[in-house]
Amino acid sequence: MSEMWINMGPQHPMTHGLWNLRVKIDGELIVDVDPEMGYLHRGIEKISEDRHYNEVITLMDRTCYVAGLAWEHLYIIASEQALGVETPERAQYIRVMTDEFQRIASHIMWYAAFVQDVGLMSPFLYGMRDRDLVLDLFQSFTGGRLTYEYNRVGGVRNDMPPGFTDRSRKVLDWLMDRFVEYDHLCLGSEIFRRRCDQLGVLRAPDAIALGVTGPMLRGAGVPRDLRKDRPYAVYDRVEFDIATAEAADVTSRYLVRMEEMRQSVRIIRQVLDWLDHHPGPVLAEKLPKWLGAPYAPVGREGYLLRRNYPKGVGFSSVEEPHGEAQAYVVNEGTEHPYRVKFRSPVFANIAACKKYMIGYRVADIPPIMGSVDICVGEVDR
Amino acid sequence: MVTTLYDVAYFLSSSLLDALGTHLPGILGTALTNSGLIWLLAAVIFGAILLGASMINTIMLIWFERKMLGRFMDRRGAMHVGFAGLLQNFADGLKLFRKNTFKPREADALGYYSGPTAYMVTSLLIFGILPISSGWSDGSLPLTLLLALVIFSFAPLFIFVSAWSSNNKYSLLGGMRSAAQMIAYEVPILIAVVAVVVVAGSFDLTTIVNEQQNYWFWGPLFLALVVFVTGMLAEMERIPFDLPEAEAELVEGWNTEYGGMLFAFFMLADYLRALVGSILVVLLFLGGWTLPSYLPAGLTSFPLAGILWFMIKTYLVFGLFVWIRASLPRVRTDQLLRVGWMRMIPLSLLSIVLAVVLVAVRCLPVFGCLPPVGGT
Amino acid sequence: MAASAPPPEKTEENPILWVARPMWTAARQFAKSLVRPSTIIYPFERLEDPKFRDEVQVASGKPIGVGHVWDNYRGVHALNIATCISCNLCAFSCPDVCIEMVTVPGGDPKHPKKCPQIDYGKCSYCGFCSDACPEGCLSMTTRYELSSPKRADLVYSPQKMYEVFQRKLPMSPIRLERPANEDAILLDAPLCIGCNACARDCPTNCITMLDIPKAVAKPGEKLPRRIWKEPVVNDSDCVRCGTCISVCPKECLFWGTHP
């Protein structure tokens, strides 16, 4: 059979989200791949320029719909820098906790989608079930299950409800048992190992050259983790290890993510202990005037613009579940950010796909692409 | 004593014709009763009963899988239509039946329409020759096992025809995978069946079941059972081997372009084949409708007991398939073919050797002491 | 680099162990959920039902509905029309511009009472409006089912949200701790013409017009007798809605801090 292009997407079970992977196949062999992104572009960066600093947070939850709190954190760090706002310590700890919970939720979501790609049916449901527990926790203090709108410039919206830490510890204990079960279903299965070992190999030099970050980079043996390398929030005050694996294949990415979830549990336990003993404000006392209220009570007619606020620029990079995300916020002295720019880790991870897909078979496309952990929302923004 | 199903059909047709003949005048009546029409009508009734029974069984099989898979996945499965969702699949079937059947513009009409139809018909055909109880078949067909497997192996042709003619790249890939896979796994299945034939001494399924009076064949022929079940999984395209319709990469494989009733044909035929596979496992290795003799005789003495136990065994075997589906990932094409040609065929050959040795040294009765001890 | 050769074989294991562990795990889950699956039968059972409110440990080990998860949920708004002061803050704070202030009956005919009307086709349930509400009359409830065959049904009028309010659904116990707002309405006095528009439209009636002599007659000059009035804002009652600023015809009111 001669070579032919097939479109995997934009409407295809392999694509988790809305994107298109064009694959040139020779029989069952992949000869060439060509990712096409942009189907989900919503212009979030542009819309941000027309919103108040706090209102952009609603967009952040929709940027990556499985890691909303991590993206909120990313944006909030940058905008706090741009506005020159100090955050209370307790809010920093809460953000670390939400980040790690979000990492667990996102990785469980990844696990569910990934095993579905490999062909395992029931762990998908297990993953969704267990993720629900984390979402329950989120709901108990943010009020949302997917779009949280929890962070505010200068802190977080509200403190934890009473009894939250005990409930979290219960959920964490339960999740740790489930992680063992996940490993039994995947690593304990010879078929799974044969599907995924030595698959989608992306070695460290290529990964670094192509800007690949996150579990894909750590799966190639590079101990790069912003939480350690450039600690933000209070990550320098909690103990954890960077999860790495050597094989640079799909299995090693699986291993990295599983280990990261366990490390997240470790971090959350430390943070919960801290939160138990250090009550305090969660929102900064000294906020810029128009942020003193939850949001600026100003109209859109612009009659506030005559005031001059201090200008500034904020940059942040956060180790979100998919990799290193970066945000750049320019404050030109108005209530709206002058410019907001995000760097999505998944975009770089997908764009490197020629390096780790060519030469494998059609049946390998879903596991390889599943191991990238694609969130198209943040790719296209 | 249970009469054969054909006897029932014959009785129905003859009484119907008699009733008609007495009311018709003179020569016409006698012609009606004495002509070969009675055989034709009996065959039609026989087929109708078979069709109804197998379709209802198939749909119940889907229900069974949905419920069981649901519990494996920590959920409940269909539960609102009918008691515990029993009627859900009938409702789904009705919905598919009411849907418009369409053909992609570039698809080849002949292949597109005849593929699923032939697939369905050949899958149904097997039920005509499968004995499911002691009184079902009188043994007049000496080669039922062979015939069943031959009909079973028609499928790749029709799948490939329908995949090719639907003019879709996914379908074509799925069809090629399906053909390769089915052909690769038919060989070990046939060889494993030969081991059963060697021990039982007959190609007739009724005889094979009767030969399992003292010991079911799963004990002595365990290797053949493993090969047969694995091969059947591949033939049924169930999950470790469901590459032809691997939904993650090929949208629905060879039936991507099908919708409505044509899709229902594929779906039903798939489950028909799963039913046939389970029935064959029960017939060849698990003693068919018999029960171990140490169980009280009351369990098998009531009417239709044979069918009941047979169906229970069949559903349990299918449950095993569902269990496998719930817990294993999909293999890759090259791995599948490698396992087929390089593991399954040597294993099946080995099972023949074992069977021959067992028969030659006459040590088969040793298995008579193993549970379950056969006999009705 | 991507390997073009087929992946090397994994270490051979006993074929029985091949699938034994995942199958055993799945079977254990099967046995657990045979007793009781983790799912709830949604239209008949809901997570916000009282029986799921307390910690329920089901057979499969899932603690469903850990605590009062649902009290804090951000669902359909409830509006207490009686306490609404028409301050417009919810509409201001809405990032999606889905809140429109519409006239409700029962107000002064000259200055009709306006309450928020929310288009749930646009709403993103961020909760900024209920956080902004100074009187606590707009809050979010646990109601989340609002599917409808018509798009127009998604526009909830104040009356409809008042019906939601009357159901007494649980509402979020978490109220935002508002930091002290130092913003105040300041007056650019020379521009003021004393038109009374700000005091008339102030939702909290915290603006009073005080007499201030505008000009002093020079000796020998006779001025027409005229009392000039100037708005004075009572900062403790002010909710910082900015209505006065937007109605001021001379743009003489502005945000600032007291010197």
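Note that the chains are named A, B and C in the order they appear, and that numbering of residues resets to 1 at the start of each chain.
In this text, contacts are C-beta pairs under 8 Å (C-beta built on N, C-alpha and C of every residue); 3 or more make two chains touch, one makes a residue touch a chain.
Given the structure is predicted, the values throughout are model-derived calculations rather than measurements.
Trainee: Identify the chain whose mean C-alpha position lies nearest to the mean of all protein C-alpha atoms shown.
Mentor: Answer for the innermost chain: A.
Trainee: Can you pull out the chain pair that has more C-beta pairs in contact than any other?
Mentor: The largest set of C-beta contacts joins the chains A-C.
Trainee: Between chain A and chain C, what distance separates the C-alpha centroids? Give it in angstrom.
Mentor: That gives a centre separation of 26 Å.
Trainee: If you average the CA atoms of chain B and of chain C, how many Å lie between those two points?
Mentor: From the centre of chain B to the centre of chain C is 60 Å.
Trainee: Measuring from the mean C-alpha position of chain A to the mean C-alpha position of chain B, what distance in angstrom results?
Mentor: Averaging C-alpha atoms per chain gives centres 48 Å apart.
Trainee: Could you list the positions in chain B whose residues touch two or more of the other chains?
Mentor: Counting only residues that touch two or more other chains, chain B contributes 72-75, 326-328, 334.
Trainee: Which parts of chain C, given as residue numbers and ranges, touch two or more other chains?
Mentor: Touching at least two other chains: 19, 22, 25-26, 29, 38.
Trainee: Where in chain A do residues touch two or more other chains at once?
Mentor: Only 122, 126, 129, 185-186, 189, 191-192, 194 qualify.
Trainee: Spell out the part of chain A that touches chain B in their complex, as residue ranges.
Mentor: Result: residues 4, 6, 8, 12-14, 28, 115-122, 124-126, 129, 185-186, 189, 191-192, 194-195, 361-366 of chain A touch chain B.
Trainee: Going by the contact rule at the top, pick out the chain C residues touching chain B in the complex.
Mentor: For chain C paired with chain B, touching residues are 6, 19, 22-23, 25-27, 29-30, 32-34, 37-39, 41, 60.
Trainee: Tell me, which parts of chain A touch chain C in their complex?
Mentor: It is residues 51-52, 54-55, 57-58, 62, 122, 126, 129, 133, 136-137, 139-144, 147, 149, 157-158, 161, 163, 167, 170-171, 174, 177, 181, 184-186, 188-194, 197-201, 203, 206, 281, 283-285, 287, 289-290, 292-295, 297-299, 301, 303-304, 306-307, 355-360 of chain A that touch chain C.
Trainee: What part of chain C is in contact with chain A in the complex they form?
Mentor: 1-4, 7-10, 13, 17-19, 21-22, 24-26, 29, 38, 61-63, 65-70, 72-74, 89, 92-93, 95-96, 124-128, 131-132, 140, 172-174, 176-183, 239-242, 245-246, 251, 254-255, 257
Trainee: Which positions of chain B touch chain A when the two form their complex?
Mentor: 69, 72-75, 169-170, 173, 239-240, 242-243, 246-251, 325-335
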